[in-house]
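As structure tokens, here come the structures.
Look at the two complexes coming up: subunit A is in both, with subunit B in one and subunit C in the other.
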Partner chain A sequence: MIVEVGHFAVGLAFAVCVLLSVLPMVGAARGNERLMALGGNLSVAQFVLLLGGYLALTYAFVTDDFSVAYVASNSNSLLPTQYKISALWGAHEGSFLLWTLIMGAWVMAVALRSGDLERAFAARTLSILGFIQLGFLAFLLFLSNPFERALPLVPVDGADLNPLLQDFGLIVHPPLLYMGYVGFSVAFAFAISALLSGRMDATWARASRPWTNLAWAFLTAGIALGSWWAYYELGWGGWWFWDPVENASFMPWLAGTALIHSLSVSEKRGAFRSWTLLLAIAAFSLSLLGAFIVRSGILTSVHAFAVDPERGVYILAWLGVSVGGALTLYGMRAHTIAARIRYDWLSRETFLLVNNLLLVVSLAVVFYGTLYPVAYEALTGGEKTSVGPPFFNFAFVPLMLILALFLGAAPFVRWKKTQASSLVSKLWPIALAAVALGVILPLVLLSELSIGVVLAISLGLWIVLSHSLDLWRRRRSLTASYWGMWVAHIGFAISMVGIGVTSGFSIEKDVRMVAGQTLTVADRQILFNGVSEVSGPNYVAQRGSFVITEGSNDYALYPEKRRYLARGSVMTEAAIEPGLMRDLYLSLGEPLAGDSWAVRVHIKPLVRWVWLGALLMALGGGWALLDRRYKRLRVRSSAAATA
Partner chain B sequence: MNPKRRARLQAVTFILLGAALTVGLVLFAVRENINMFYEPARIASGEAPTDTRIRAGGMVLDGSVERSDESLAVSFVLTDHAGSDFTVYYSGILPDLFREGQGILVQGQLDSNRHFQAEEVLAKHDENYMPPELAGMAMQGDGSADTGADLP
Partner chain C sequence: MNEPTTAPNSATKGGLARFVPLALFAGFAVIGVVGLFVLGDRHELPSALLNKSFPEFSAPLLMDESSVMSREDLIGEPLLVNVWATWCPTCKAEHAELLRITQDYGVPIVGLNYKDDPRAARAFLARYGNPFRYNLVDADGQIGVDLGVYGAPETFLLDANGTIVYKRVGDVNPRIWRDELAPALKALGVELQANTGAG
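Our next item is the complex of A and B:
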């Protein structure tokens, strides 16, 4: 019964979104205050209804209601409760319900904070968001409904959640990722609203900035956690595979990163305005494209949902309507933006232009590599290909290194114009120190050297040193948005160093080990004490017992090979000794003849820096929201309203 | 040159540079790293090239998996259940979802004996998931591809 109520609530939310996408828009066109004011109430209503639907399905999961088909195929009575709750977003239908709930939350948040915006602008924005939400809800209700009952044949027990997803990483990764994906719809709606009203001035840029930063921060954290989850859960020690689904989240991230930089120029200097609008459209379009790639199954991927062409066609049509509409509007209006903003070739404007150029070029590379197999198959009539990680690394890494080179100089470059001679005199000592330390540090700490590692460390230090000097110089007038920028840039440097060192110096060995055998890898002794059987709540496991001697330190690791009872599926649970300087990673392969096992041993220096840096980027993105000028804007406009 | 024109010229130069950079990098990289996919029929017929990195796929033939007693070397037969198959040689740890009867992708090279020397063996995370490359293949044979969940 509760499930039906939830289903009905989602249906009502659909009806509310029909009203939301029409009424405030009409109100804005006719100057009707009452219609415009409805936007706020409708936005709150659709969220409350969706929350009801979400809670109803969660209730079905927690109470093991296997008459609901989706619950039956993704849960099991033995599943621990926290995973029953998160199993809701463990497969296509439920994860899309979460997607619409999060979209609903963004719409409501925009409605509640739209007091500072001009009425008609806010009303149009809410209508556009309502229209997007309408498309999502139609998809949910008509093509992927998680509320459907499996009557009359109710299974006795559920088929269980995919064991890979029974993990903390899966509890947090999709919600964060979706917060980012659909969060870009806000910048998109602001951009369309600005184009519709013909007022593409700095106001819309200022209004979009905090929302875009927040969405970007969530997406960054979501991608980082996904990478971390893949590292410890997939059992083979990699943390980025250039898999189509990873690329699907990475493309909007690249567009979003370009967008938050371009927005700063549009807000502060009024330049790049039409380019910024285009990026706002692109970031959200790429989010939709990501949804299409993940949910249509057109690309071979390690984590694609089951193939369903009908859903793919729907998302593609929806992508066509929203992106096509947005671009048409852009084409009609963008040329009316008259820019008379002047800046010198050596200026912050130019640097941010270079930033955008490099990010968009990297985006093009990822886009090309991801969709090449699809295009190739279509053009050759069924010939299948794949594009491997070497392609992406080859084209992507140099672009990021150039980006880092510019980023290190950026703090000393001012708006409008900077003297080349003063810039050089400030920068050369930093460059010298960065390169010197870039050679010395790996020699002393790791006693190894390679070009890639020296480049990564030097460029990382180049960014950290120049930003630190700049921080010291400005110490008396630090704003939250400066801190946000600073922390995010340092995070970028830390990630880059982590990626460089762990790619260059990781040791990866697959070996055959017999109980009692000791293996020596890079001065560490690894003793294998054999395998015993243990049982968990819903699985039985072969647990390997290892003792590692590292210098004067001894510790034990217990990697497992688990067999989950409901599905009978086997899963590798790696054992990791984490460390800021290195991870030691062990996982069991399969049992071999004569009491021996295949064992995977990885030693990965600085691998944690990859995620630590990404989390700092996310933190920086969030920090910038605390800036006073966003609050001042609010105070000013409320004063204007009462006057 | 007036500043407005100069700014425009700057922007155009940047865009052209960027485009040239992308196209150059991408074309160079793609030439090296595209892996064509071949079904068992085209490998058995000799259509697939040797000593070139390719991808191939099929169902693991029941009873064909052979492990070495000393090393991590393993060999198995991939089949399309329609009369064509080929043998894959691999050294290393197989993925968790590698099972007899399961659809598998391999990446590597065909040697001069037309044996597939795999560098990578890929199985999917979800046992009900079928790689699109294999979707066209006959799934029913002596070992149907979707019984994986019942095997230990």
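Our next item is the complex of A and C:
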């Protein structure tokens, strides 16, 4: 019964979104205040209804209601309760319900914070968001409904949650990612609203900035968590695989990163406005494309996430309507932007332009590498090809290194015009120090050297040193948005150093070990004490016992091979001794003849820095929201709400 | 050197350049549509074995591993061969539909238990009900290779001569039954009278 109520609530939310996508828009066109004001109430209503639907399905999961087909195929009575709750987004239908709930939350948030915006602009924005939400809800209700009952044949027990997903990382990864994906819809809606009204001035850029920053921060954290999860859960020791699903989240991230920077130029200087509008459309379109890639199964096998090609057709049609419509509108209106903003070739504008060009080219690289196999298959009539990590690394890494080079100089470049001679005189000592330390540090700390590592460390230091000097120079007038920028840039440097060092200096050994044997890897003794059987709540496992001696330190590691009972699937649970300077990573492979086991030992220096840097970037994105400019907006809008 | 510059996008100057993003998008959309339908076709009619005989095999029965069946045992009447395994979640999802098909319409289904643990498979059928007339054991997946199986579940429709006339990759659901399987069975002359008493 509760499930049916939830289902009904989602149906009502659909109806509310029909109204939301029409009424405020009509109100804005006719100057009807009452219709425009409806936008706020409708936005709150659709969220409350969706929350009801979401809680109803959660209730079905927690109470093991296996008459709901989706619960039966993704949960099990033995599953621990926290996983029952998160199993809701363990597969396609439920994760899409979460997607719409998060979209609902964004729509409501925009409605509640729109008091400071011009009425018609806010009304149009809410209508566009309502229209997007309508598209999502139609997909949910008609093509991937998680509320359907499997009557009359109710299974006694559920098929269990995919064991890969029974993990903390996977509990938080999808919601964060969706927050980011869906969050870009706000910048998109602002952009369309601006194009519709023909007022493409700095107002929409200023309104978009905090929302874009927030969405970007969530997306960054989501991608970082996904990468961390792949590292400890997949048992391969890698942290980024350039697979289509990862790329699907990385493309909107690259577009979003470009957008954040371009928005700052549009707001502060009024330049790049047309380009910024296009990026806002692109970031959200790529989020939709990501959804298309993951859900249509077009890039993976026929047994991917969604078995029905109907879903793919729907998403494609939806992309056609929303993206095609947005780009058509852009084509019709963009020329009315009369921008004659002057700036010198050596200026912050130029630097941000270079930033945008590099990010967009990187995006094109990822886009090409991800979609080329599909295009190839479509055009040759079924022949397969693949684009591997070497392509991505070859094209992507140099672009990021150039980006880092410009980023290091960026703090000393002013808006409009900077004197080349004064810039050089400020920068050369930093460059010298960065390169010198880039050679010395790996020699002293790691007693190894390679070109890639020296480049990564030097460029990382180049950014950190120049930004630190700038911070010192400005220490008396620091704003939250400056801090946000500063922290995010330092995060970028830390990630880059982590990627460079762990790619260059990781040690990976696949060995065969028998109980009692000791292996020496890079001055560490690894003693294998054999394998024992243990059992968990819904699995049985073979647990290897290892003692590692590292200098004067001893510690034990227990990698496992788990067999999950309901699905019979086998999972590798790597054991990791984490450290800021290095991770020791052990995973248990197959049992071999004569009581021996295949064991995988990795020593990965600075691998944590990859995620630490990404989290700093996300933190920076969030920090910028605390800026006084936005707080003033908020105070004013809450005053308007109480008035 | 100090040449002033304007916004980076030529779109601002009017002309057709501002429609370039739309044209790019349209190009990708066309590729997407083609890709979807190429893959969609592969999805529906993928087997090289379509309209060919079911391959020769020799396999023990799940419930009685001492009996061995072969291709000849599949000849005589139209029947479905369903490739399944207990490790395959989609197989579990389609299980109810298979039960409904045998119970309501009396269509014989032969199971091919694919790369599975026979004990788990027997326990599964005891627990959730058995829609299969009998089950062939394909522990090493050899029959699956001969059949061109992508993965489980897959369902083949054989006519009375043991020729594959239809193949479904992915789950059999009420929609597939209504739109594809039932018409294909009818085309083979099978009468599908729903046993209204069953349930």
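Please note the rule applied: the second predicted complex is superposed on the first by the 625 of 643 C-alpha atoms of A that agree within 3 Å, B and C clash if a C-alpha of one lies under 4 Å from a C-alpha of the other, contacts with A are read in each partner's own complex, and residues count from 1 in each chain.
Note that a contact is a pair of C-beta atoms (placed from the backbone, for glycine too) under 8 Å apart; a residue touches a chain by one contact, two chains touch by 3 or more.
Keep in mind it's a predicted model, so treat the numbers as computed, not measured.
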item: Touched partner set for A:85, first subunit B, second subunit C, both or neither; value: neither
item: Which superposed partner A:319 touches (first subunit B, second subunit C, both, neither); value: second
item: Which superposed partner A:401 touches (first subunit B, second subunit C, both, neither); value: neither
item: Contacts of A:274 with subunit B and subunit C, given as first, second, both or neither; value: second
item: Partner chain in contact with A:353 - subunit B first, subunit C second, else both or neither; value: both
item: Which superposed partner A:375 touches (first subunit B, second subunit C, both, neither); value: second
item: Partner chain(s) touched by A:328 [first = subunit B, second = subunit C, both, neither]; value: second
item: First, second, both or neither for A:342, with subunit B first and subunit C second; value: both
item: Partner chain(s) touched by A:571 [first = subunit B, second = subunit C, both, neither]; value: first
item: Residues on subunit A lying within both footprints (that of subunit B and that of subunit C); value: 162, 297-298, 302-303, 307, 342-343, 345, 350, 353, 567-569
item: Subunit A to subunit C touching residues, read off their complex; value: 69, 72-73, 150, 152-153, 155-157, 159, 162, 271-275, 278, 281-282, 285, 292, 296-298, 301-303, 307, 309, 312-313, 316, 319-320, 323-324, 327-328, 330-331, 334-335, 337-345, 349-350, 353, 356, 371, 374-375, 377-379, 381-382, 567-569
item: Complex contact set, residues of subunit B against subunit A; value: 3-4, 7, 10-11, 14-15, 17-18, 21-22, 25-26, 28-30, 32-37, 55, 67, 69-72, 91-97, 105, 107, 122, 124-133, 135, 149-152
item: In the complex with subunit A, residue positions of subunit C that touch it; value: 1-9, 11-15, 18-19, 21-22, 25-26, 28-29, 31-36, 38-40, 42-43, 46, 86-87, 89-90, 92-93, 95-96, 99-100, 117, 120, 127-129, 150-151, 169-171, 199
item: Complex contacts: residues of subunit A adjacent to subunit B; value: 162, 164, 235-236, 297-300, 302-304, 306-307, 342-343, 345, 350, 353-354, 357-358, 360-361, 364-365, 368-369, 372, 376, 383-388, 390-391, 394-395, 398-399, 510-512, 563, 567-572, 589-590, 592-594, 598, 600
